[in-house]
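Each of the two complexes below includes chain A, the first together with chain B, the second together with chain C.
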Partner chain A sequence: MSEKKKIGFYWCGACGGCQVSILDIDEMILDVVEQVDIVFWPCAMDPKYEDVEAMEENEIDVMFINGSMRMEENIEMVELLREKAKKVVAYGSCSVNGGLFGLGNLSTKDRLLEKGYTTKTTDEGPFPQRSSSVKEGELTLPELTEHIVPLEEIIDVDHHLPGCPPLPNQLEEAFPALLDDETEVGKYDLVSDKSVCDVCPMEREEKKIEKLNPIQNVYLDPEECILDQGVLCMGPATAGMCDAACPEVGHPCVGCNGPVKNVKDQGSRMSSALASVIGAEGEEKKTEEEVMEVMKSIRDPTGSFYMFSLPSSIMQFRRGDLDE
Partner chain B sequence: MSSEDFEPEIIAFLCNWCSYAGADLAGVSREQYPPNALNIKVMCSSRVSPEHVFESFHEGADAVLISGCHPGDCHYIDGNYKTMRKAELMKKMLDDFGINPQRLRLEWVSSAEGGKFAKVMEEFTEEIKELGPLDLNGTSLEGENDE
Partner chain C sequence: MSEEKKISIDPITRLEGHGKIEIFLDEQENVKNAYLQVPEYKGFEKFCEGRRAEDMPNITNRICGVCPEAHHLASTKALDDAYDVEPPEPAKKLRELFYNAYIYADHILHFYYLASPDFLVGVDAPKEARNILGVIGEVGEEIGKKVIKQRGKGQKIVRMLAGKSVHPAFGLPGGVTKSLSSEEREELNELTSDMVDFAQFTLDLFKDEVLTKYEDIIKSDKLKTYSMGLTEDGKLSHTGGEVNVVDPKGEHFASFSHADYTDVIREHKESWSYMKFPYLKEIGWKGFEEGEDSGVYRVGTLGRINVAEGMKTELAQEEYEEMFDVLGRPVHSTLAYHWARLIEVLQAAEMMEKLAQDEDLESDNIRNEPGEPGSGVGIVEAARGTLIHDYDLTKDGLIENANLIVATNHNASVISMSVRDAAKKYIDGGNIQEGMLNSVERAFRAYDPCLACATHSAMGETPLKVNIYDSTGYKYKEVTQGLGGRE
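Presenting the complex of A and B:
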């Protein structure tokens, strides 16, 4: 038997869901563990920065990195891991597209801290200090980054595996392919080129949507397309690796997989899709104001359309260009 | 750069059936208007996706004009209604991205309105000159229109 592959998992600014999702593959984890040695997994083991530093170059075969680049420490760590790993996989939407935390890019670092620690929106507490003196000496905390960028802006990424978190069916396909040297996997091959709508089983009629409603105001018909029923569903612009898991059980798609393969900007695609399906019948006879009335029912387009992909959008990517 | 020296770069998406013909008419009738716009012909104004607009700003345009047939006159029946709604969404998004939504303008120019085309160009260029160049550098993310 050939030597076992070495893999690692690392989390950056994340909720922890991606770490749990690895265990979601149930018994398959036994097959995986048979094939590999997990050499680095801060969530389950207790490795230190020095242990990684002591590793040889390219010692880890596949390194899965999840979470957003929220702190300087994340950046330092992923740069180090890049040196030690043969393949780096951006695991989960945060590292692929910036994720939910990416919405923080609509504000600035200072404003986020101010809002979080000095206003009544959260419990008032001490404002985080970068360094503090204790009797053992000076302790310092890593700085927040100015804005979140996708992982590929910082290091070379070999594969994208989006999802919030990636689902067992994605992993069942991805793990064997990534661990086998014979199988060629392209950078974006794990992103679906079908949208959630393409794989969604709900009935879609080609009709105009006259108004978008908050989901709590509508009794959803479990058979009919959610967008048709006047509830915002991100299905048209979202990659469908999930087999429409949410719409199938009556919850609108929130767009967690990010854009479809080869699409750059999820929010743009959603705007185009939505602008084509909303509006009343017979609008030729109405005034422009009456036609635009329906737009008022779309709340917070930026926040809803870019919920998981703002840092990888066209207007945000420029930040990376300018920093260099 | 002082506002007098500043020549804005405007990307104008013009629909094949009305606005591009309108721009042609403006030229044929020797209407005078500022040469700041780069005209791009599209089959219908609704062909313009937010991706094109955002990419234009990203590549250095100071403003974007989308022009199509008057409502009800669209060659493809209801393309311009879709454009109308898309433009509204784009304006909201630009505002959130810290870019003044005035930098995106939607106009209806028919193929008989060469004069109107020249007037729109003149007005829009003037307006953008007043706003100044679009500064996408870090600080503008605080919001152009926050002050």
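Presenting the complex of A and C:
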């Protein structure tokens, strides 16, 4: 039998959910651990940075990196991990598409800081600084990156495994495939080419809708397509590895898996899915004002359509100097 | 020449978030001071501006993947308040079930996966063994599998209601999206049937393996501060009621409802950490100090149990009484967080067992109609402590302003102080052993701190390394992993 594979997990700017997702495979974790040596897993095992630095090139067989590139030191660390790993897997939507924290790209790093440290309960005083003098000496902090970018804009990535976080069914497929040298896995093979709509138990009939309504104002019929009922659901634009977990329990898809395979821009996909049905009834007779009313009912297209994928979209970020 | 030395522990592993501890030594090589730094930030308050209010439970649950349910519910409750709507009774019960399943799974995760390696395997054990697998080695595979299974059952219940256990989708202003089918309620009965037994097993394990062996530490390691937590009719609550504060002697200090939190809480900031330091406004910020004259307070399992007059369920009540009998009241020992945590596991198990019998869980009456958008505050007790979401909405129901004060934020000061005190006790500057550094981390872990939450954010990334600096800040020695040295 061949030697055990060495695998590592690392988190950058993350919520910790990707780490938890690994535990959510329950007992299967014991089988995985049996087959591999986990050399690095900051939330559950103690090995430290030096252990990684001391490693040989390519010593880690498969390195799973989650989280977004939010701090300068995230970048240093992933560059080091790339040197030590044969394969790098962008694990979770943050590393694949920039993720939810990518909404920060609608602002600038200075404004992100300013708001957080001037809330109504926060005292006056200096904001966090790169370097601070305390009476015993000097303390340092890493800085925020200008914008969040997908992992593959920093280092070469061998596989994309999106999800917020990836679900047990995805891991049951991905782990054996990625750990077996005989199995060929393409870079995007773990991204579904089916949308959430394609795997949703509710059939979408592409009904014409007058306008979008906030979900709190609608009593949804659980047997009927959510979008057909005039409530925004990201199903048409979102990769369906989740088997429509949220619509299945009566909640609209929020788009957390990012775009389907071979689609770059989740938001454009959603816009076109919506354009053909919204306000389409008697469209030719509508005044410009009425059309505007319909469009306004979307309320926050940027935040809603790109909630998890702004950094990998064609927009990527908004230039801070433009929104004064 | 007098030389000051600095020790860094980074990252603090087995936490749900990255953190960094900097320890300064004086010329006698004793600990002079220690700083807990959180080196990461995300900026939720800013990028939530302009978002659709109803998306907030799904945006803010990404503050933390370990306690997404807490953010999800705090956010949902803030929306109830902002839209001036009360959910119907069955929706409240479904939220209660959802939340207890979370508390159950999360506390088990913390005790067995994150904290118990220090106790069951030992801080002096080789680092490869100080993890859940090492724990399984200690307690045996049968129990190990049981632990995994029980945690999984909590997650399963969350999934039943909310589609996903990490990043659930369930709460709406005025209600929830789903109730249970009769088949699902039957399954719930099955899932909850042995949770009480498991909770009691865990409490026994704690008493045998931790309490008896670490009694000295538990009884000596005290930090006398104010305590904060939610109570409902005086009983320990996670999801509703009013926030209570008791002083370091255990006397009532303040009670407030969600809308009035700004009257009681302010947040201090320091330029060397992305984490803010909340304090009691009336007392004021007096630095990292304990006692009645310092506004520092603690939240989380110990904060809650200190402010509660009792538990909501019978068996948990017995354990509550035993804990105070043994440790006195109020309890200030950092390591007692673990005991209080397991008492909450028992309460959650009893509550779910009872809820599973309730036909209301199958009701269709799970939503009430919201009013016009306004401002709202939602407060819940996350596993790690009081969690506050506060939103102002525009007339179109978009977020105009958000203020978030999360569990580990409230604890930021006490955690820093515990770390400092543990460093003073366990680190004899000239003699830095790995077990000693881990003891510092253990003090930290008792709080189950979620640094991701604390900076709506957060995690740092460097190594366990000991940097020794002279008084001018010049580094002349670096020791890795606290063992031996590398000049």
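Heads up, the rule we're going with is that the second predicted complex is superposed on the first by the 297 of 324 C-alpha atoms of A that agree within 3 Å, B and C clash if a C-alpha of one lies under 4 Å from a C-alpha of the other, contacts with A are read in each partner's own complex, and residues count from 1 in each chain.
Everything that follows uses one rule, which is that contacts are C-beta pairs under 8 Å (C-beta built on N, C-alpha and C of every residue); 3 or more make two chains touch, one makes a residue touch a chain.
On a predicted model such as this, the values are computed, not experimentally measured, just so you know.
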Side-by-side fit of chain B and chain C on chain A, or clash: fit
Touched partner set for A:P301, first chain B, second chain C, both or neither: first
Touching partner for A:L144 - first (chain B), second (chain C), both, neither: second
Chain B versus chain C as contact partner of A:Y219, first or second or both or neither: second
Touched partner set for A:V36, first chain B, second chain C, both or neither: neither
First, second, both or neither for A:G267, with chain B first and chain C second: first
Partner chain in contact with A:K120 - chain B first, chain C second, else both or neither: second
Once both complexes are placed on the shared chain, angle at chain A toward chain B and chain C, C-alpha, multiple of 10 degrees: 140
Chain B versus chain C as contact partner of A:L106, first or second or both or neither: both
Touched partner set for A:C242, first chain B, second chain C, both or neither: second
Residues of chain A touched, compared between chain B and chain C (which is higher): C
After fitting on chain A: smallest Cα gap, chain B-chain C, Å: 11
Residues of chain A that lie at the interface with chain B and also at the interface with chain C: 106, 303
Of chain A, residues touching chain C in the complex: 11-21, 23-24, 26-27, 29-30, 33, 42-51, 53, 67, 70-71, 73-74, 77, 99-101, 103-104, 106-107, 109, 111-117, 119-123, 125-129, 132, 134-139, 141-142, 144, 164-165, 167, 214-217, 219-220, 222, 242, 245-246, 248-252, 254, 256, 299-300, 303-304, 307
Interfacial residue positions of chain C with respect to chain A in the complex: 4, 6, 10-11, 13-18, 22, 24, 32-33, 35, 37, 39-47, 49-55, 58-59, 62-66, 68, 79, 83, 109, 113-114, 127-128, 130-133, 144-145, 148-149, 151-152, 155, 159-167, 169-170, 172-174, 177-178, 261-262, 265-274, 276, 278, 285, 367, 370, 396-398, 403, 405, 450, 452, 456-457, 459-465, 469, 471, 473, 480-481
For the chain B and chain A complex, residues of the former touching the latter: 46, 49-51, 54-55, 57-58, 71-72, 78, 81-86, 88-90, 92-93, 96-97, 99, 136-138, 141-142
Of all residues in chain A, those that touch chain B in their complex: 106, 108, 146-147, 264-265, 267-269, 271-272, 274-276, 278-279, 283-284, 288, 291-292, 294-295, 298, 301-303, 305, 313-319, 322
